[in-house]
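Which chain is which? They are A, B and C, in the order written, and residues in each are numbered from 1.
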Amino acid sequence: MRSRWSYVYFLFYLVLGFVMLFLNNDVSKAVITLMNIIVVLTPLVGTVFGVMHFYNSREFTELLLAQPLKRSTIFLGQYFGLAISLSLSLVIGLGIPFIVYGVTQSSAIWDFSSLLLVGAFLTFIFVALAYNMALSNENKIKGFGYAILLWLTLAVVYDGLFLISLLVFDDYPLDKFALIATMCNPIDLSRILILLKLDISALFGYTGATFKMFLGTNLGMIVSLFVLCLWVAIPSWFILRKANKKDF
Amino acid sequence: MSLSRLLFILALLGANQLLYGEILTVCANCEYSSIQEAVAKSQEYDTVFVKEGTYEEYDIVIDKSLVLLGAENALIDATGNGYGLIIKADSVTIDNINITNIGQSYTKDFAAIYVSNSDNYSIKRCKLTRVFFGMLIEKSKNGIVSENQIYGESTTEAASGNGIHMWYCSKSQVMNNELSGLRDGIYFEFVTESVVTQNNSYNNLRYGLHFMFSNNDEYHNNTFTSNGAGVAVMFSKYITMTNNTFKENWGSASYGLLLKEIYDAEIRDNIFDKNTIGIYTEGATRIVYERNLFNRNGWAVKVSGACYTNTFVKNNFVNNSFDISYNSKVNDNKFDNNYWSSYTGYDLNRDGVGDIPYRPVKLFSYIVNRTPQTILLLRSLFMEILNFSEKVSPVFTPDNLMDNHPQVKRVS
Amino acid sequence: MIEITSLYKKFGKVEVLKNLDLTINQGGIFAILGPNGSGKTTLIKSILGMVIPNKGEVKIDDKSVIKKFEYRNNINYLPQIANFPGNLSVSELIRMMKDIRSTESSDKELIELFDLKPYLKQKLSHLSGGTKQKVNLVLTFMFSSDLIILDEPTTGLDPISLIRLKELIQQEKEKGRTILITSHIIGFVEEVADQIVFLLDGKIYFKGSITELKTQTNQDDLEHAIANILMGNNA
């Protein structure tokens, strides 16, 4: 992948990182602010770039399809190529300013690393979702629309529905439902993962024993990471399935 | 204790012998082999000196003005059978006596040191371990409790006692003590005009320090770490709290400071760091909060019910998940000149004061109060949008609750 | 040898290939003709594995090719619309293709043949349509394969390049290769093709030499012969 856009994206994070640190001058506070940005922005960028990249490289894909290459090689290659280059833009773009400002010596190093890890996960997940949308829709506008809609759903609408259902059914025990609902949305899951790292896990203990057991221990961390991996694996598998059936 | 220091103290005691009478020495091969015996044989103002060794004794009653002085490693082992020392006279000094193995009881408040109806008592440098109650002090005044270490092994609230428990006392000083593994580190009930300073109270089941029906007391420069709640002040008046540190009191019902039905208190220059709730206040009236630092708490201040004419001035609210939480729409408290790290306004005239007021109560904190599980939506985009709309036109949160002079930089 | 039996493909509700049977023997130039939407491209893409048929079988040298990929080592394909990734240069694209197939390549001679040397360092997005088609031809002919599939090879070519292309096709034929061509330029087809495969309504309407087609339709030239088929079909 040699796209101008990945350089732009890289520069964006570079500038963002420096501005954030310049304004806050406090690594751990900058991590909190960054979390808000990363959790919303990396999925959006992954979605937009994923769809754009798929449609833009269509002809090239066809060229490759006539070559002695497996379909899975072609599509997974494209998918990983894009996802990795976007993730690298994020990791290097933000990594440079934070290293310059001495994150490696600060206690925030783990918070910061998990932030980057989650950002990379979200990129992989949303590029995969966008590819699915693009593969299922010949029409560019439609594919783009659906992909953005999916992002909007997971980033905002889902939480709205989640909140409403919690408020409506608050006479019932909701701990398990709430946890499962959070697991089912990669954006929420990533947010919780970072918040757990950011030392306010005590807050989650506030609600009760289930949360405390799950979010207050390593169990939550492990399960969350596992679910994030599933969120990468399942859409990728769908890409393969769709790609193997699709006509070009 | 070094030998030279011991000699120095002995010399002092020797000089005081004219005033305070004789020294009775206790050790395995001495004239007195048990403390009980020495105390019984002593006269008013004598000194009982306990040499190194372990003494398996309990219920040692001190009913005259004595000095009970321990050498290094002088240890009373109460073998789980009752009280350690029972003080029933005025002007008793207990110095450097270690006591261990105070038995649990559901009917009696067994304590390592039990003081009753004593004036001018002094308990210092004692190390009390495996205690039920550490010190139980009743109806006494003008006492000093200092430099003691009290450790319990509490696991449940019902089967545990307090470190320093005072009941109907006045003019007492509690300072430089270390308390841990107890129910309450320090417990005051009907205690007046007393001072608690420079204590370190941590890992206690319930509270680091607890006031009940106690008026005109003050506590300064103490540190409360990882207790059920740092300090609880209940049904009390005129309590002054300054320069204390409340930190890492984490858990579903954990507070740095819990205020319940209290009046006319002052809370200044304290640090609240990483507590689930920094201050929880219910029915607190005419309280002044000034120059406190609230750093990385879940809730900095949670206001719940009937809190009137409190003022929050020049406090620093830094990186808390929620700054202020209210459970009602009514506000009778004043917020002014505080620093809020989540303030997003601007200061065009550069006078150090933000040009638009800050609303510290978020809609989200209102929702979390209603349905705690919604905490999972913390910092989500959807919540930020809701908070923003509530900020523009308050519906659920008190609309007059705002800081009209939010500081742009931290108040120092 | 290509052997296609009862190939069936529909896109949505539109049936494009209806149980098509076709056998193409090794060696010679076959022109696949037919009106727009008759399924020419779908047929070609089915052979290439780009379109996955609903039913039927495609065999090359007695081996089924459906959902396989290795067999494409022995196929050269010239796609209809030459749209390449714009951010690559010509030489980079050629190098990439060579990386994919590790076989020997004659790219240098072909670049010489089509006068592409001055364009090698240029980005593909900056090339004219004709030049792109030349690059396309280089990519197609640079490997030696037994089966060559050309989809509208003449598009945008100048007369000199067209002559070179015809020579190239003849050379490949002399090497005993099978060449499938679709084209709308009847003159070109008449000049190069040995056999005509005429598709109509998703089926093979006619397969044979140009002369046979002419006699069957009672027409003197190919253009009219084709028109006759289409008219007859419409009537």
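We take it that contacts are C-beta pairs under 8 Å (C-beta built on N, C-alpha and C of every residue); 3 or more make two chains touch, one makes a residue touch a chain.
All values reported here derive from a predicted model rather than from experimental measurement.
Asker: Need the central chain here, defined by C-alpha centroid distance to the all-chain C-alpha centroid.
Answerer: Most central by this criterion: A.
Asker: As a test of whether you follow the contact definition, which chain pair has the most C-beta contact pairs?
Answerer: A-B
Asker: What whole-Å value do you get for the distance between chain B and chain C if each is reduced to the mean of its CA atoms?
Answerer: 89
Asker: Which whole number of Å gives the spacing of the CA centres of chain A and chain C?
Answerer: 43
Asker: Note which residues of chain B are touching chain A in the complex, please.
Answerer: Result: residues 250-252, 254, 274-276, 296, 298, 319, 321, 341, 367, 370-385 of chain B touch chain A.
Asker: Which residues of chain C touch chain A once you look at their complex with the stated criterion?
Answerer: Residue positions touching the partner: 9, 11, 45, 48-52, 67, 69-73, 75, 77, 79, 81, 83-85, 87-88, 97, 100-101, 139.
Asker: Which stretch or stretches of chain A touch chain B in the complex?
Answerer: Going by the criterion above, the answer is residues 28-29, 32, 35-36, 39-40, 155-157, 159-160, 162-163, 166-167, 170, 174-175, 178-179, 182, 187-188, 191-192, 195, 199-200, 202-209, 211-212.
Asker: What does chain A use to touch chain C in their complex?
Answerer: 2-4, 57, 59-60, 62-71, 244-248
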